[in-house]
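Read through the structures below before going on.
Shared between the two complexes below is chain A, which pairs with chain B and chain C, respectively.
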Partner chain A sequence: MANPASRTLRHIGHTVIDGVWRLGYAARFFVFVLLRSAVSFRRIALTIREIYFAGVLSLIIILVSGLFVGMVLGLQGFDTLQRYGSAEAVGTLVALSLVRELGPVVAALLFASRAGSAMTAEIGLMKATEQITALEMMAVDPIARIVGPRFWAGVVSMPLLAALFSGMGILGGYLITVVLLGVDAGAFWSQMQASVDLREDVLNGVIKSIVFGVAVTAIALFEGYDAPPTAEGVSGATTRTVVTSSLAVLALDFVLTAFMFRGV
Partner chain B sequence: MTSDNLVELEDVEFHYDVQPVLKGINMHFARGKIVSIMGLSGCGKTTTLRLIGGQLKPARGQVRVAGQPVHELDQAQLYGLRRRMGMLFQFGALFTDLSVFDNVAFQLREHTKLSEPMIKDLVLMKLNAVGLRGASRLTPAELSGGMARRVALARAIALDPMLIMYDEPFAGLDPISLGIIGNLIRRLNDALGATSVVVTHDVQESLKIVDYVYFMSEGVVVAEGTPAAILESQEAYVRQFVHGQVDGPVPFRYPGAPYRHDLGLEAALG
Partner chain C sequence: MLDLWVGIFVAAGLAALLFLALQVSNASTFNTGDAYRVTAEFDNIGGLKVRAPVKSAGVLVGRVDAIEFDNQKFVARVTLRIDKRYEFPTDTAASILTSGLLGEQYIGLDGGGDTELLKDGGRMTLTQSAVVLEKLIGQFLYSRAAEGAAK
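Let's turn to the complex of A and B:
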């Protein structure tokens, strides 16, 4: 019988080895998805169908959340800026906050919760009900047929959803600050136009949302594909998708922002 | 390999981690015949089916289908072979996002360049063979267990396979569905000129339709023969299995400490 210290060490060692092994397995899975992506483009209808499920069906939550986030930004920005007599700059604040950070990040978090968890549950259940095995026995590669189209659907949908989130946020900010609080509409739009740079702000935001799309979708698909084929296994995998994706988005956001930071 | 056998397993061993599952089994599946693999849950019969389908690789021995060593094929070769195989899963494994029609049409669309009108004719022909042509527009969620199994059977024979594998085809079916599935297995095998491997523990239904039986226990073949020979067998394990006897080589009681010990009577009585 091992003593408690030995058991603890063994447990830590087992957890670390298991984690490293799983990371390697996930990397291999990701490479396979990329290598077998030809089907996703050759049979574009499969990918478009998944764009509908991942992207179009996420529209409501993205648009409503974007509107509210923009309205809150408008309120908070107006409250702070008017103390310095520059309430007209609230348009700039709302737009830059959304385009650079909140749009890509919050849209990715919502995408992970809504579409990512659905992808994990769907693939996990397909595995539990032997549909994945049935595909293999029918000589159809499940990674090419099932995973690939979902992956590219996520990568395409994410930047579009982030852009819509930012657009709705700016509309929300406009409604609160211009329509409700009386900020001059011309100043709101012109200051925004003068301050938001297409390359430095908008393009960087788009790059972020593409990276988040790759990360969230890859995590969701891997968790589904790797889920133990039981009710408990699928439920655990779905939870891991949301938690891991959210942490990955926030960590990647820091790394990307650090690279894109222009300094003083 | 003799030309009479479509599938051959020779001295096959398999283990999950260190747990041995198959301990050197030999089986031969003659062309055009329906061969059943029977045994208790966990005896290795589904593992045998997966070895034949190339989902698993043996630790030792040879698994050959149509003369090809399944375990030595690369993915492209294995997929080529699987196009000539059909498999019926225990609960059908129908694609839940597709209709009955699309489930049966799936392989035809994936592997052939047939026109949609021709695919429609073939799908309706397969569905008609299992008596469900009228259910082509339903979704899998709208089917009973027996109907789902029949649709899965129509899907399994969509490409007219040379080998059809059945994993517990009778599990959880009502008596009418049981009879229908058993009848279809026999009828379709004969009509297609295929070879069928039926993994089951339903003795009564399977002995009515199969040509040969392998009995497995703890990873080895303990008995084999025609259904008549199996019914007459004096082998204790086969008798217990076929006649559903409560006790025998497979004990009723799970091994454990003496009952008196568990009740604490030994200490009380000294």
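Let's turn to the complex of A and C:
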């Protein structure tokens, strides 16, 4: 009966069914969060507190990484472009790659590892120490009280963080190419302005970062809420949050880019 | 204290968005609101793309709005969106030019002497197609061969 072939088959079947079951549970959880998010807006102080933990505390890592990513882009772009005598186009290169792709994607990856993992660990520990059960005993809806404000805080913070990342990156590129390497400042800005479109590039970047914010926060909250109430379970859930949301951000980025920039 | 930090964060985020909108993108240099459309027909548009700049005397006056293929006359019909601030006479010549040797292609407008001005939906009749490198080389080789035969 228990020969290796049937055991392997049974294992694969179990993994697939388990995955689909979890996906269904995650979808139901997501709908619940949306349905009960009225509390997040009625008691705005709760949401503001979570914006502080998710957004404000991520500021340092976002600003510093943005600055360095922009500086590297400027340095590498300048190195290649000056061979073709068009070093002024480095502004276009830095701005387009940041606003369209790197800003939303890298900010979302950093957000997942900085704020997403913290959310998972916090909710997982609340579950392990039976605080969530205690809330239910007091007839307080834990999804409305705990999950909702964190979700909306993530959705609000993500586009702002991505915009700050792109802005800092462009300043970093400016610092390296104009101040250090001597590209003309007027050409740097005017070439950038000539090829970056407000709707096509900037707005699509903002839409991307909102989608990433929803995905990362929803995954982090679900993993926390679904974590086995043990020390091992919480640590596993935290790891899964970072891995799953990073993969989700990269996959979603491909899909969104294919939709948005098809004609360009 | 918490509210103060969140306020600073939101204000900084909005400022970054404003920076991207005004300083980085072209919203400030070209207002897409007030513009009129004119069409021009070209035998060959080369590598011209939608959103390519339309320049007159080197100044950005508009952008390419749409490019279609006319199946009756077998020409390319290009729609240009030109800023309302700039008006051109009806005999304005439109030519497809390249900025630099490897740069992007754009449409250059040379104003004519007509007293009537182009209106929304108007048509430019004087056009000059893009220079296609293969045709240029072909012409050069042909003329060299003709010279050789004459000798």
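The definition used in the following text is that the second predicted complex is superposed on the first by the 261 of 264 C-alpha atoms of A that agree within 3 Å, B and C clash if a C-alpha of one lies under 4 Å from a C-alpha of the other, contacts with A are read in each partner's own complex, and residues count from 1 in each chain.
Assume a contact is a pair of C-beta atoms (placed from the backbone, for glycine too) under 8 Å apart; a residue touches a chain by one contact, two chains touch by 3 or more.
Here the structure is a predicted model, which is why all the values come from computation and not from measurement.
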Partner chain(s) touched by A:202 [first = chain B, second = chain C, both, neither]: second
Chain B versus chain C as contact partner of A:137, first or second or both or neither: first
First, second, both or neither for A:193, with chain B first and chain C second: second
Residue contacts with chain A in the superposition, chain B compared against chain C: C
First (chain B), second (chain C), both or neither touched by A:239: neither
Chain B versus chain C as contact partner of A:55, first or second or both or neither: second
Chain B versus chain C as contact partner of A:8, first or second or both or neither: neither
Chain C-contacting residues of chain A that also contact chain B: none
Chain A to chain B touching residues, read off their complex: 129-131, 133-134, 136-141, 145
Parts of chain B lying in touch with chain A, wherever the complex brings them together: 53, 55, 75, 78-80, 82-83, 85, 87, 89-91, 93-96, 106-107, 110-111
Contacting residues of chain C [partner chain A, same complex]: 2-3, 5-6, 8-10, 12-14, 16-17, 19-21, 23-29, 50-51, 53, 60, 100, 102-103
Residue ranges of chain A in contact with chain C within the complex: 48-49, 51-52, 55-56, 59, 84, 86, 95, 99, 156-157, 159-161, 163-164, 166-168, 170, 189-190, 192-198, 200-202, 205-206, 263
